[in-house]
Amino acid sequence: MTPQNTPIPDVQNSVDTRQLAINKVGIKSIRHPVKVQDQSVGIQHTIAVFNMYVGLPHNFKGTHMSRFVGTAPVSGVQSLMDYDVTFIGDINGGKVTTSVKVVVPVTSLCPCSKKISEYGAHNQRSHVTVTAKTNDFVWIEELVRLVEDEASCELFGLLKRPDEKFVTERAYDNPKFVEDMVRDVAARLNAEVRVDAYVVESENFESIHNHSAYALIEKDKTLA
Amino acid sequence: MTPQNTPIPDVQNSVDTRQLAINKVGIKSIRHPVKVQDQSVGIQHTIAVFNMYVGLPHNFKGTHMSRFVGTAPVSGVQSLMDYDVTFIGDINGGKVTTSVKVVVPVTSLCPCSKKISEYGAHNQRSHVTVTAKTNDFVWIEELVRLVEDEASCELFGLLKRPDEKFVTERAYDNPKFVEDMVRDVAARLNAEVRVDAYVVESENFESIHNHSAYALIEKDKTLA
Amino acid sequence: MTPQNTPIPDVQNSVDTRQLAINKVGIKSIRHPVKVQDQSVGIQHTIAVFNMYVGLPHNFKGTHMSRFVGTAPVSGVQSLMDYDVTFIGDINGGKVTTSVKVVVPVTSLCPCSKKISEYGAHNQRSHVTVTAKTNDFVWIEELVRLVEDEASCELFGLLKRPDEKFVTERAYDNPKFVEDMVRDVAARLNAEVRVDAYVVESENFESIHNHSAYALIEKDKTLA
Amino acid sequence: MTPQNTPIPDVQNSVDTRQLAINKVGIKSIRHPVKVQDQSVGIQHTIAVFNMYVGLPHNFKGTHMSRFVGTAPVSGVQSLMDYDVTFIGDINGGKVTTSVKVVVPVTSLCPCSKKISEYGAHNQRSHVTVTAKTNDFVWIEELVRLVEDEASCELFGLLKRPDEKFVTERAYDNPKFVEDMVRDVAARLNAEVRVDAYVVESENFESIHNHSAYALIEKDKTLA
């Protein structure tokens, strides 16, 4: 463990003695906006999926993945996060209904695993999906923030080592079952007067299983 | 933390005071073999993907997911794990070449996160893929075992609480970078004389990012 | 065009003069049941996805794809078709509800394209999905047959040339809009007393666009 | 069939007597660029996937799908087509290699089906993929055009009835096996001096089967 106020160890930079070079190592499936010059119109905007790899010589233990991108909560380096958003509009007998759905990827850390283990706790990426029928304008960013506040920890596009220490410890301090995730988000949506009805789901891509844990709460506040 | 030889706490079974019932909670996307009776032939065998949910009353904190299935390293309960396997055969000028590819889902726990944090360490599900050109018969199970031995921890279809404690602590005791995973599997494949050539890849679905860490080593032992 | 009772031309078998050999040609993504021998239990049953290719010398125009598998409406050769099926069970306050969902891939041929064109008509693979809440036992095969009867033509795992002539002409004789597909299946489900409620959807993967045409009818017969 | 110079029939607009209203009918999974206003930066550009549906009263046979978007070869109405593009860059020992990969969706119409049938011919959407290692700048649009020129017919985002007549007849006049597609594109790439090496693949999502027909040609022009 790291004493406070001492330099943060650089594990990746240590020597490797296995005599095995790595052909490709890096980051895979990161989404980022790009501009493409086309032959006729000029510039087109789109979203690209990047894979970026280097070859690693046999004597290096690891590569610093953060150098591929450039973030975050402690270091202050900025990066982007991507969210899948759906807008749903419906006109029925002249009545307009609008809903918004956003998938927020977060970290979840298991309270049971933390409680029963001498040390460590299994944690994983989770997708928290909020589908909200709204009666007034709500920014996507408000829904994202609301979900990220209730997770074990939010995700980042890129983390330097002081940031990685922060998110690791924050998740461990803040364990949540899949049931806790949907209840804590539901409580926030119950208090949000611009939301008339909602479905909140969480799917945890369990790090100890090859399947997911899943929970769902739905509520129509306009009934009773 | 849990002292040894004392009863393992049952966190799911504790009382919840948030007054929020959960419509559905359970396990999602678990694969299992099934038999289906058809109208003409009799019985057909296939692989089903199961989602199994219960409604959870407001006063319960959580559900025991393991009761949905039936496992594992400490409790001895048995369950199934699923692996995607590809067989590749080629005849070129009369010469037969056969390869086998298996995707082994495992747990990886980050050595950097463990080292720099006061407590905890981020961990996640990873897919380790081995594609091996073989000169003699190799069981799929041998390749799976070889990969699982080199992971932070293997996955299970189902874990009771003593099992969950075991896998959590084992992963924490056994941290691996994506680079370590491919090197340690490569070292094993180098020593396996029935394998003439291989590609080993690891994709870690990072619990702190919305993208993956990835590494690849390939080697043709018949060259030089 | 082919006069009746004369030999069916063999286009694939004609000579090619482009001087270009083909590295791989064949069929891709065909699903078939297989048995796999394992190291411990003996035999496991699963569903494999096959790709089967040959190299084609420069002087041959094409390969006979049907030889890769072995069918069908005119020739009488048998083959398998695969369907994705979902069973949904729900117990709510002691009341059991069961639904079945089946995705039936079929051919659709556009009536507008046929009507307005001098010759030919665009056609494509379509997915017709029926989700039915049942009050009595219904075979999956009954739902599949019901849908296939209402399509421009059903699909086959494999077709010899007389079969291919039959399905091409049958689809042309039997054009259907996406609207026709869902209406004709809905009419059949309205007449089926074992079905209490249903959703019927058709998605046509248009051969002239890069998007789909889609239609949906839902009905709960227990209401009014 | 339609005599030339007479009004094109409007099949969708005819009367339907089945007494079945359609809940939703329209177009599904069409990609289009959009601008989204965000809370902090201002405007973000992204690519959205649209589903657009109307309810259709029981007495109408069909809806005019083209009204959902706005195209094309005969009518001159303009629409967008979407293509998946991959750029691959590699630096090895100081040597830079760049490749570009583009997936071009087209129509393919089967020559065998046309030849052996009294009328009609099965046709379907196909994906032609070109991966080209280039020694000089090549516009993506040049590769797309080259592929579309060699297909039975190119696809369009939207077609009015005169356009639909044109593409239906053009495809029927221009039948291509999957083997023809890759050979005809390969011949064009052989003649393109800015391309040093290539792989051309075609996957035809057969309208009469539930699997694909597939072919591949690869060539490295720098060898011999």
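Quick notes
Note that the chains are named A, B, C and D in the order they appear, and that numbering of residues resets to 1 at the start of each chain.
Here, contacts are C-beta pairs under 8 Å (C-beta built on N, C-alpha and C of every residue); 3 or more make two chains touch, one makes a residue touch a chain.
As the structure is a prediction and not an experimental result, all values here were calculated from the model.
Superposing the C-alpha atoms of chain C onto chain D requires a rotation of 180 degrees, rounded to the nearest 5.
Where the sister copies chain A and chain D meet, the same residue numbers recur on both sides for over half of the interface positions. Averaged C-alpha coordinates give centres for chain C and chain D that are 21 Å from one another.
With each centre defined as the average position of its C-alpha atoms, the distance from chain B to chain C rounds to 35 Å. Rounded to whole angstrom units, the spacing between the C-alpha centres of chain A and chain C is 39.
Multi-chain contact residues of chain B (touching two or more other chains): none found.
Under the touch rule stated earlier, the contacting chain pairs are A-B, A-D, B-C, C-D.
Those residues of chain B lying in contact with chain A across their complex are 1-2, 8-9, 11-12, 16, 18, 20-31, 51, 53, 56, 61-63, 65, 81-82, 105, 107, 109-113, 115-125, 153, 155-159, 161, 164-165, 167-169, 171-172, 177-180, 182-184, 186-187, 203, 205-218.
Interface of chain B with chain C (complex): residues 33, 36, 38-40, 44-47, 85, 139-142.
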